[in-house]
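In the part that follows, the structures are each spelled out as structure tokens.
What follows is a pair of complexes built around chain A, which joins chain B in one and chain C in the other.
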Partner chain A sequence: MRTPSAGTGRLFFRGAGSRKRQDMLFCVCLLFPAIVLCTAFILIPIVDSVVMSFTSYKIANLTKNRPGEWNDFANYTRLWKAGKLQSAIGITSRFVFWTVSLTFVISMALALILNTEPRGARFLRSVMMIPWVIPTVITGLLWAWIYANPYGLVQYLVHLFSGGRITDFGMLNGKGTALWGVIIAGLWKQVPLMTLLLLAGMQNVPDDILEAAKIDGAGYLTRLIHILIPYMRSMIAVSVSMCIIENFKQYPLFATLTNGGPIGATTTLAVLSYDEAFVNNNYGSGAAVTTVWLLVMIVVVFLFNMIFRREKQ
Partner chain B sequence: MKKTIALLLAALMLLSACSALAEGKEPVTIRFYNYALSETAKADWWKNTVASFEEKNPWVTVESVTVDYNSMIQTFTNDLGSGMSVDLILGEVSWIPALMEGEFIQQPKDVIDPDFYTGYYDYVLDQMYYKDGVYAVPHYYTNSVVFINKDLVEAAGMDAAAFPDTLDGLKAWIEALAAFYKDSGKVSTVFGLTTAEVPATGSNINAIFTAFGGQLLTDDGELADLKAEPNATAMAEMLDFYKYLIANGYTQENLKLKDYRAAFGAGNVIAYVDSSWGYAQIGEVDANAANFTVTAPLPTTMGTNGKGNSLVESHCFLIGDGLSDGQKEAISLFIQHCTSTEALEGYLNNIGLAFVAHEALKDCKISPILEGAAKGVSHVQKQTQIGPMVSVQKQLATMVLDYAVNGASLEDAVNSYITEAEYYIDQ
Partner chain C sequence: MKSNRSLRTAGTALKYAAIFVLFAFLLFPVYWMAVTSLKNNVESYRIIPSLWPEKLSLDGYRTLFQDGKFLIYYQNNLLVSALAALLICVISIMAGYALSRFHFRWNLLLLATFSFSQMMPVISRLISLYGILRRLGMTDSHLGLVLAISATQVPFSISLMASFFDGIPRDLEEAAWTDGCGRIKTLLRIIMPLVVPGILAVGIYSFLMTWDDYLHAITLVRSPALWTLSQGLKLTYMGEVSDWQLINSASILGALPMIFVFFFFQKYMVKGLVAGAVKG
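What follows is the complex of A and B.
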């Protein structure tokens, strides 16, 4: 297909051979800035980080501009033998799975409600945007106060509803509840955006098809499963992919709420990477965690897209 | 207008150069990285101190660089990497290994006037020893201090000045107060010990372990044998004490020092263990907190082996590497200026409560709030510094929570700690 500007572009490459070759040169010219920027700011840092993960790289290497000392897989084996990688991958996966699943379910429900245009829908849509607009660090601090033991709102409610029997419920203090504390804060932050994206997708479903199905006797669930969701497939794919990536790289909520604790119960790959690199000043080890983190994220997003594509076919 | 300003600036520079030359000294600039500048009260004190120093030493310009406490080391790394100099740092003892390994700093004995250097108290200077020498000098220091709400203790018919000096006595003291305030809804914490998994808590727990007679690290910077005596007993007794406090609701698990400071300032905490300068945050909550705050040292008999010893925490000066002779002289003078009674007395009484670390300050008055704790001021145990100190100490909080909250056995909790600590030490 010829682009509108291809003809203009060919003017610059008039003597460069065939028309196809002229088009190709013009394409390369247009892509060149993007290629340079991607290489300089995305590919080189990633490659540098991967190389660093195979070296012993400490502060002095950075300040004195000394190359790291190659140590093969020592950073990886050390992390693996200590069980830190496995634990962090497990916690990250659990966090991503529950946050994404619940975000999707809650957002879908809210989008369906808002799609019926209830009274005050516009106002609700505006109010819903507030959590999304608030910076994540502020969200973390806000929820830290809500969860605070013994003065937080959650503690107060638990005390109230338990008839005064539970007096020291600390959501972020227990090994079994801390991750859920972060998940709830994550949901509060992420549900609004996904709701609006799904609502936008929902409003693009042609009314006549829904009307026709209704006349043919299709119930609400049938219309939802066989018309609404298939029509929204691409919007669902985009919003869920974004949500997966957002939660894989979630760091501010963990940093402000739990800092990886208690007893490592919320040490995700992001937290582990930060601790290794910037708390223990072992940049090589931090880079090793980052590399694994990147690989896990690529695999998960790839699998999600593959499953989604297969279902479409 | 621009020309006038430029001429004025040139005249100013010429004047300062002339006054420096009049003293026969080349003008020098020292870049001083100071996280305290981001805190209003401290920032004012530092600005005045720098100004008075520059007035006395017109050949020196102190270029103060404000940096965030939590990102100091990253800031140094970036600045040095981009060719800027880091000449002087106001930092903490735990930063020494990272800064020394990063080749940021040099030994102060090579910079500071020898007569002044010998005036530092050995037991404070010893804490700044890393590998082959001392790598910082203290501005002031603290050991573990028990902050007590005098009004709450006296309302219970007890004497705040008679803080117990044995572990059993302390438990009886706590139980008496807990019984008195049981249903009052007024007190959230009877005796607070921090257990949140953050660096400040790690160093606080290490100090408590020391008070019980334990020693976490050997003089060679290795993890001490925590299963051999006296460490095994100290560890068991310390963990039992935390369990006793948490299980009975005398302290809350997973609270940070700043949480206790806020609650103490609000009058909800009877007593808790902190560094002396924690009072700054108490005072932010209640400006009149001095009326009800007194301090005490840790009990001198803590369990079987504990002598109530403590570890030193210090805000200290770390001196950058690669200085010119002029800069070395300027830094030596600047540190002496900051460590003078004239400059420091107001600070130690009104801004950051602490103890003095230099004999030149022996006549410097310390805050009346610290009078009680001053009895234990020299109960200090030397601790070797190691690179991963922050993580090794932070894991102590994990161990305490594991044992006291999650029901791990003593053996499992300690074994798990040893595995984690060795992971960081062996990196």
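What follows is the complex of A and C.
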């Protein structure tokens, strides 16, 4: 009865057919809560919102529980004609590109330095994580205070270093600088995690190969590009994809720092969809923005993985 | 030889200079937040900022403890995050165990769906989530909020938990089975005690992530008595005329528990994060 059989070796309880059915039942019971929760609160809402994006869905539909009416892509065409979609896609791409690449460069530098075990490396590694554990809204408030105009620190430093020529510098008030204000706050929050992951990736690089290369006269850069980075490839791919997704989703920093302003200079897809849905109460239109947003994000993540995989060969 | 040594000294100097600059960037803002919370606004609003308060002032903290709102937000957030962390732990222990031990074909599909759904921006589902919760009569309640924010963390937590179960040899279950121990008892009594580090990692990570929630709270909860911290901070204290001492005091109080939790459980967190990233 309980004799192990080789055929069902992949199952955890080895045994005859009835055991397999029991296993399956047990497995389904264990998975049930997770499936219900994720289906009800993630999958159905996503499908629902894609459907909603093709309909006219306003506050009355919500309160009276009435389904939206098909409106021939009006949500999309209206947003496109007003130029809102194009501008939001552009701003989101700029934000994601700069935040992710700068986060990667800074984190890589920091990880390389910490990997050489400087004095106090252990201590530095743990205090480094402080920005990461600070809630995003508080990060926003903190940087809002640093950028504040008047009284903020940045404004004072700019005044000081420009020799008093630039007074009244408002990082978040200028159309050109506002996005950078958010990017810097995002960097501050995300560099710690990326550094932690890259440091973990560096542990997998065999020391003897690095040592051998050094003896053969390979310079620092050669070792970095030809040994370290190839060995860390999968960790780099994972942490960068995580960072891309994270920044595509960024909303709380924009909400606390700029609210999409000044004059729409930081209105990303996230801000646009929130405003359409919850400020203008035009849910169909908000859903249209999030559908475009989803598509852009999927394409970017897919492309990143494609390029990364091709480089491997 | 001599030039080689001076080159190395220069390299070391450069290294420490880089450490100094990078850590100043990461840590000075935290210091600035703490210092501003201890300065009265007259001092904060000077043209030349002072690095250390001339006169320590606890007015910000005093106001927060007395205004009758901050403590409520704080309490709400603790309740919501703790409940969510608990729920996430229970669900991910069950599902993680199932995915680690049983390899039915649809399990893989499930895992793929989970990790895909985790990518989805929150706003994209908030609109219809609001409708769903309305139908269930759970808008403007902590229960609805807890369920919604738990769902966002469940996919990652499951794969994290599964990676911890993967590290436990299957012989243990075989032995328990031979001794006549039932499936549920085996899981609870024999396997679970061995994955306590994993449970801690999942629990703390969930607590941190749900404490960070802003979007769910701000759309699903309307009554000020139920607001969470992030929501309350944004809606109450970030007004037209900002009282920066008050805001920074609130920020310090909102960030401190997370910093403590992280330092206390750092070992589990770091291991868990790396394992989760590699797996996810």
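To be clear about the criterion, the second predicted complex is superposed on the first by the 271 of 313 C-alpha atoms of A that agree within 3 Å, B and C clash if a C-alpha of one lies under 4 Å from a C-alpha of the other, contacts with A are read in each partner's own complex, and residues count from 1 in each chain.
The working rule: contacts are C-beta pairs under 8 Å (C-beta built on N, C-alpha and C of every residue); 3 or more make two chains touch, one makes a residue touch a chain.
Because the structure is predicted, anything quoted here is derived from the model rather than measured.
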item: First, second, both or neither for A:130, with chain B first and chain C second; value: second
item: Chain B versus chain C as contact partner of A:78, first or second or both or neither; value: first
item: Touching partner for A:60 - first (chain B), second (chain C), both, neither; value: first
item: Partner chain in contact with A:38 - chain B first, chain C second, else both or neither; value: second
item: Partner chain(s) touched by A:49 [first = chain B, second = chain C, both, neither]; value: second
item: In the superposition, chain B vs chain C on chain A residues touched; value: C
item: First (chain B), second (chain C), both or neither touched by A:229; value: neither
item: Chain B versus chain C as contact partner of A:237, first or second or both or neither; value: neither
item: Touching partner for A:281 - first (chain B), second (chain C), both, neither; value: first
item: Contact residues of chain A, present in both the chain B and the chain C interface; value: 62, 65, 148, 150-151, 278
item: Chain B to chain A touching residues, read off their complex; value: 73-74, 76-77, 80-81, 98, 101-104, 188, 196-198, 249, 252-255, 259, 263, 387-388, 390-391, 397-398, 401-402, 405-406, 419-420, 423-424, 427
item: Residues of chain A defined as touching chain C within the complex; value: 2, 10-14, 23-24, 26-27, 30-31, 33-35, 37-38, 40-46, 48-49, 52, 62, 65, 106, 109-110, 113, 116, 118, 124, 126-131, 133-138, 141-146, 148, 150-151, 153, 156, 188, 191-193, 196-197, 200, 234-235, 238-239, 242, 245, 248-249, 251-252, 255-256, 270, 273-274, 277-278, 283, 286-287, 290-291, 293-294, 297-298, 301
item: Parts of chain A lying in touch with chain B, wherever the complex brings them together; value: 58-60, 62-65, 78, 82, 84, 148-151, 167-168, 170, 172-175, 259-264, 275, 278-282, 285
item: Chain A-facing residues of chain C, complex; value: 15-16, 18-19, 22-23, 25-27, 29-30, 32-33, 36, 44-49, 90-92, 94-95, 97-99, 101-104, 107, 110, 113-114, 117, 119-132, 134-135, 147-148, 150-152, 154-155, 158, 170, 173-174, 177-178, 183, 208, 211-212, 214-215, 219, 229-230, 233-234, 238, 242, 244, 247-248, 251, 254-255, 258-259, 261-263, 266, 270, 273-274, 277-278, 280
